[in-house]
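Sharing a structure here in structure tokens format.
Just so it is clear, A, B, C, D and E label the chains in written order, and each chain counts residues from 1 on its own.
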């Protein structure tokens, strides 16, 4: 699924060394070495409060105050982050999934086709015209992940995408990720991920 | 852990028959028969969107528009519900766990002792004086569950309490629930619950 | 008729609102005086009222409003005494039985003022020709347009000059004398103004007097005691005392001697002829 | 004119001009009292309108929004009609007292506080009330919790109403009467100076008013900051 | 007086009293224009103050809150000073035109819109901007998204500012001049009638003003309802 052959360092999408994030007196995230190649799937695992979300937020550019080295080669608008507790914009499910496509000036009809396709992949095509504020937790998460996947970004940062999902939902995500062979995908999770999601994982310690 | 012997029907805390909740044209929750005895632990499982949260909300009294029969014998202030995505009040972790105790006019010092005890059980005693808005997802969920458990209610309704928790967190919840032998506890989950949580489960179908 | 006016203004007249002096709460005698804003703005009452308040151990609450408003306040019995400068309106008010006593107090005069450049070339002319010229040549003229004493007089003056202009250059300001003067200054327009306001404000303005003399420019001020039948709360006795005071020698001397920037503002009407200022 | 105004304002303050200070204190306590009363009722009303459904609820919301557009002259006129000696409450002899201004400004502030706090509660996460309720909070504690969670917005609602009352002219003029030492406020004093053509003095009075507003805003900002520091 | 006012208002409306209708239309467009301009800038400013950190940010927030307490008389005086023949902008000949009122009311509305919209954005979930950003939205789309998510609060901010301008008196009097057919608005007309002692007519004018406000509030409510129906 991912590029199996050894890739030169210059094809690394992420290269992090000795990164720390400090809030007040606490170091809330400590990552000594994280590297991810193009098309690689990397798990970020660790107990609650170990800094998984913080690490992903650093990569997404939302945490500018960190120390250490963090090189992300994917351009900003090719780096998509999905929050641990996703936020859906008011409006319909479809308009949410179309949001990023609209930002990329995809034509209206293409937008719709693409969005509906991804909603189908996540098993929620029936919800396309529903307003988001009535969605169940698992439905909302699927929308959020679909909204990110539809952009086929170079770097996709998913913060606990499987939480609240049922077995079918987990399967949908697995297959959806498989459909993005060129994307580097990082998945944060407090428990080991089911098979088929990542080849290797980085463990974050709780200090 | 729970009361093993058969209990008479009048000791049933919950008796639901043919309950349906309808929003617009959609029936969003359908439960033909749910009964829970005093001290019983009951899983509510079903795929995303099957109406688990809705069912718990009906029992908590937040969904007044339902059809069918729903008898809850626990008094209102002995029925505690924890949202699928919990809301923590602004302030410290400790003040959140003390909230319900304050409502029950527990003395200030008892409140503190009890709250700290339950924070310890959930492995977050160190966070007692932290403001809630910096908590990680798993930490926040532990606070919310602890805030409910500290009240030792007759009926405890937990909506996906294990989502976002690490292995240690799941263990904390398991032990915490074991410390409430007299409470009837319902746990909603989209996937089968790990062992040690519930004796039996109600399956909600997706229609 | 009616109860003792002093007793009627019981302590409820004076709820213990903030900022009141001890003298207020011990005194049962309070009157409300409504006057026009231009009279208040002249500052004369700041000289007169303390003298009266001291000699009668009372308080006079001055409420300055438009002429029409003042008359309505009197009609409703919300004030005890009026000081206004609208002779015809005052007569009508008396005829309707709203007042029980009407006394001439003082007078000064109106004058026409206008831009220093005097585009209508009317400086020093007689009143009627001046107005005619302004009208015929279509120069800007500001009217108060608020039914005040000054406005009524202005309309009367236009009648003498054969009717007011109807073009775009005749403008109503709908405001008091002070703001109207400022507008005339800004707009380089002519207007009719009472002497009190003019003397107070002329230094800040580029306007100059145009017509200052003439019998039709007389501006008489009078006081009215409100009919106590209007309301039980009317302090008619003290109101009468106040009017007595206004026409007393003491007050008349004060009025006649009142000066702003070295200029005399009012001529007392009831001053014994032999007394010179 | 502005420079004149500033120097005049400084002079008035330095000389402790008693009439100005008197008017300033009156302005302050009258609007503070009116806004406090209006907040007590308005916030409660806003909460009610956002949480309960009852017949006439929507009309009440519309009414409170329209109420923000009641001109002070109208409030002044209506209060005048009520409090006039001929009016239904004439016997209370409240006309031309500071209490009359308080009453008028109460009605000025009420729709502002109600509308804005209703807006704040409307945006409040429904889980707040649900959580408070399920944890056993009674009506009073629930209300307190709702207030705490909407602090900033409620503070702004009250501040907006206060600014409105503090700078209000029509009511103070009409039912207060602008009597020096008794009902004169900073705004009626400003209006008086302005109509007399004493523009610099008018500016000076307004600047003193603004100074008070500034002190209040700074107090709020400091409170805000200390709250924020606590919570981060 | 109220009954007289209502019947007088009805008469004025039925007779289509041209001077009243003229003043009403002027009131409406002047405040609508002033508030639109102030909203354009104020909402942008509120967003800036809530999102970016830059030196002077806190002082600007305090300033905009204090700005709500600037009395209309002061704004009137300052605008007068600027637009007066002898003032820096005297050559524009704007004094005593409706444009002068628009300018003054703009400064009246700006701090209200800024303060209230800043409050609204301050309460906005930080994930809104983050999500918009990570999905590739440019600055414009991000702003639009923020506006959409705070619709109600922004609407109320604009409504509050509009109510303030619509019922404002001091500015319209001082820089407008209350000239019939030229700069007379409903509020200056009301004030005039009141000073004339024509209280019922004053009430009538205010009621017409309120009627317009009611129509606006109903329009908002209808829009609100249709939005809500869509989203439930």
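In the analysis below, a residue touches a chain if its C-beta (ideal position, glycine included) is under 8 Å from a C-beta of that chain, and two chains touch if they have at least 3 such contacts.
Everything numeric in this text was worked out from a predicted model, so none of it was measured.
Touching subunit B and subunit D together: no chain. Counting steps between touching chains, the shortest path from subunit A to subunit E takes 1.
Across C-E and C-D, the chain pair carrying more C-beta contacts is C-D.
Relative to the C-alpha centre of subunit E, the farthest chain centre belongs to B. Ranking all chains by how far their C-alpha centres lie from the centre of subunit A, first place goes to C.
The distance from the centre of subunit B to the centre of subunit C, each centre being the mean of the chain's C-alpha atoms, comes to 78 Å.
Annotation: 18 Å between the Cα-based centres of subunit D and subunit E.
Subunit C and subunit D have Cα centroids lying 34 Å from one another.
Shown for subunit A are the residues that touch two or more other chains, namely 85, 134. The set of subunit D residues that touch two or more partner chains comprises 194, 199.
Subunit C has residues 176, 179 in contact with two or more other chains.
The list of touching chain pairs reads A-B, A-E, B-D, C-D, C-E, D-E.
Considering their complex, residues 65-73, 145-148, 171-176, 179, 183, 186-187 of subunit C touch subunit E. By the touch criterion stated above, subunit A contacts subunit E in their complex at residues 60, 62, 77, 79-81, 83, 85-87, 89-91, 99-100, 102-104, 131, 133-134, 147-148, 151. If you check the complex, the residues on subunit A that touch subunit B are 23, 46-49, 53, 84-85, 134, 136-139, 142, 160, 163-169, 190-191.
Contact residues of subunit D toward subunit E in the complex are 1-2, 5, 58, 61-62, 65-66, 68-74, 76-78, 80-81, 112, 115-116, 119-120, 122-123, 152-153, 156, 159-160, 162-164, 166-167, 169-170, 174, 186-187, 190-191, 194, 199, 202-203, 206-207, 209-210, 213-214, 217-218, 220-221, 225. Considering their complex, residues 84-85, 95-96, 173-174, 177-180, 182, 184, 188-189, 191-192, 194-199 of subunit E touch subunit C.
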